[in-house]
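Here chain A shows up in two complexes: once beside chain B, once beside chain C.
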Partner chain A sequence: MEDGRMRVKCNFSGDQKFLENGRCVSKLESMGFRVGQGLIERFTKDTPRFKDELDVMKFICKDFWTSVFKKQIDNLRTNHQGIYVLQDNKFRLLTHLSAGKQYLEHAPKFLAFTCGLVRGALSNLGVKSIVTAEVSVMPACKFQVMIQKM
Partner chain B sequence: MSRQSNRATDSKKMNSELFTLTYGALVTQLCKDYENDEEVNKQLDKMGYNIGVRLIEDFLARSSVGRCHDFRETADVIAKVAFKMYLGITPSVTNWSPAGDEFSLILESNPLVDFVELPDNHSNLVYSSLLCGVLRGALEMVQMAVDVRFAQDTLRGDSVTEIRMKFIKRIEENLPAGDE
Partner chain C sequence: FLICVAIRANYPLYIRSVPTQGELKFHYTVHTSLDVVEEKISGVGKALADQRELYLGLLYPTEDYKVYGYVTNSKVKFVIVVDSSNTSLRDNEIRSMFRKLHNSFTDVMCNPFYNPGDPIQSKAFDSIVSTMMVQAC
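Presenting the complex of A and B:
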């Protein structure tokens, strides 16, 4: 079973292109994972222990997102059963790409690294997860975090 | 929980650790993909070139530096303005050739290599090759063909990092900004 695979809602024309793209996106996600692990170590060096899972997610949405993207997550929702949706209305890696639906099919390439970043950060905070991203109108996007019970 | 940092302030700057770690992840991935240091060096240089041909526009827009009259002026602008702007360091310009067409940039520190150590099996890897490509690509867009290489590298045991830049020729026609 693979965890942390990047899943996106996009259409690809041609199986070869799909496979190649999928491999690249997957590599980007792994790179993000390693960077996320390293970053969270640096950022939380002097931080007191987190109270609970929600506390961890709030940290990701505020401090972590600010350090990396110079802004906070705009909206955090949860079902209190291990699923969190982080909404960024003006995601920094998409603002230069499009303001709407143009180039939507290219969005996964710009989201994969960040999915890994979040997954890696959570991983080093002792939280195992699957992180995916969804875009319908750029530059807004949603990151979905599914906590895996260890 | 209170944060003592002022990280949110300058939107033009990015977190240096993010930058360093991301570059490291990039090089690591390339090493996995190519399994040959020479090829990785080439790929990094190529990526750097693609960055450079675009970065020059950002640089010119943000620095309000005018046209350089000679290679010496170019060297100064690169060291004192460009490196400062993008990497937060100011290398020194030294070792001019008698003909004035070649010089060295001595970097006391290099943000790309913070926390980095080269493993023994990658002795031919020029870790910061991306920088060579950036400089080459950027200068090509302002009509200068240059050769850029690392003469010394702290990662490979030298005491300083030295980038050697050589002026090849002036580019007469306006080349379209192509990708390699």
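Presenting the complex of A and C:
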């Protein structure tokens, strides 16, 4: 009987933690969004106008990433139909966490802000998108950008 | 006289004129100038080099005033309307006015208390525009 009650208690706090985590992650993402908007305004102040969507993505991979993380994106892939995958083999926010699979479950917290950053930057350049991140082996990670047709 | 406007997604964030009366009749001018801006940035029949510039130059002259345009990479449009009789303002002076507007606007964007899309109420922005307009008139 006592065990049963305790088990229910544990489950509840487990769910609560899960919900809190989810709320925090989306809050981080929205903060990143606002910061991305401001940053892109400053970074594109003196650059010539972008030719097309690919030009915008290249800017994010090179200039934007360098200004924020002091390195470029290592690999950009696209299916030319609105999906881009940005691969960073040594993501600065993960390098001090681990060099393999340890702490993999904690990685999303550190990627949420950056996803928002990219989404905010793109939004201010007139590109609506959904940005997600995935990590399989730290410190490499992939950011997936799905362009939303407005 | 002189009017400065900042527009985002087709509605104005900021309108300022010297002298301050008679602003309403310029809303129409500014609105039609937006069409010209759209045309210019969509690059219909224009050389590639022109398309990449932010400064759009003289949008169209009417008998009473001249309208100049400028578009940022973040699709914010700045429009300056000048009295035709004011011939002392040269092209590079207008360019530098747009530069100042763009710089101040960037500062406004980076202010974490400012929500993109809201009207601009920054005192710093106001004072920069005031100084600029006083110099120009």
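Things to note:
One rule holds in what follows: the second predicted complex is superposed on the first by the 136 of 150 C-alpha atoms of A that agree within 3 Å, B and C clash if a C-alpha of one lies under 4 Å from a C-alpha of the other, contacts with A are read in each partner's own complex, and residues count from 1 in each chain.
Going forward, a residue touches a chain if its C-beta (ideal position, glycine included) is under 8 Å from a C-beta of that chain, and two chains touch if they have at least 3 such contacts.
Note that this is a predicted model, so its numbers are computed, not measured.
Annotation: superposed three-chain arrangement on chain A; chain B versus chain C shows no clash, the two fitting side by side.
In the superposed pair of complexes, A:Lys27 makes contact with chain B only, with no contact to chain C. With both structures placed on the common chain, the touch criterion links A:Lys45 to chain C but leaves chain B unconnected. In the superposition on chain A, no contact is made by A:Met138 with either chain B or chain C. Applying the stated contact rule after C-alpha superposition, one finds that A:Asp63 touches chain B and leaves chain C untouched. In the superposed pair of complexes, A:Gly126 makes contact with chain C only, with no contact to chain B. When both complexes are overlaid on chain A, the residue A:Ile147 reaches neither chain B nor chain C. In the superposition on chain A, no contact is made by A:Leu94 with either chain B or chain C.
The minimum CA-CA separation between chain B and chain C in the overlaid arrangement is 5 Å, rounded to the whole angstrom. Applying the stated touch rule to the two superposed structures, the overlap between the chain B and chain C interfaces on chain A comprises residues 34, 38-39, 42, 47-48. Against chain A, in their complex, chain B makes its touches with residues 1, 3, 5, 7-8, 11, 15, 17-18, 21-22, 24-26, 28-29. Those residues of chain C that touch chain A in the shared complex are 41, 51-54, 71-75, 102-103, 105-106, 109-112, 116. The part of chain A that touches chain B in the complex is made up of residues 27, 30-32, 34-35, 38-39, 42, 47-48, 59, 63, 66-68, 70-71, 113.
Note for the complex: chain A touches chain C at residues 34, 37-42, 44-45, 47-51, 124-126.
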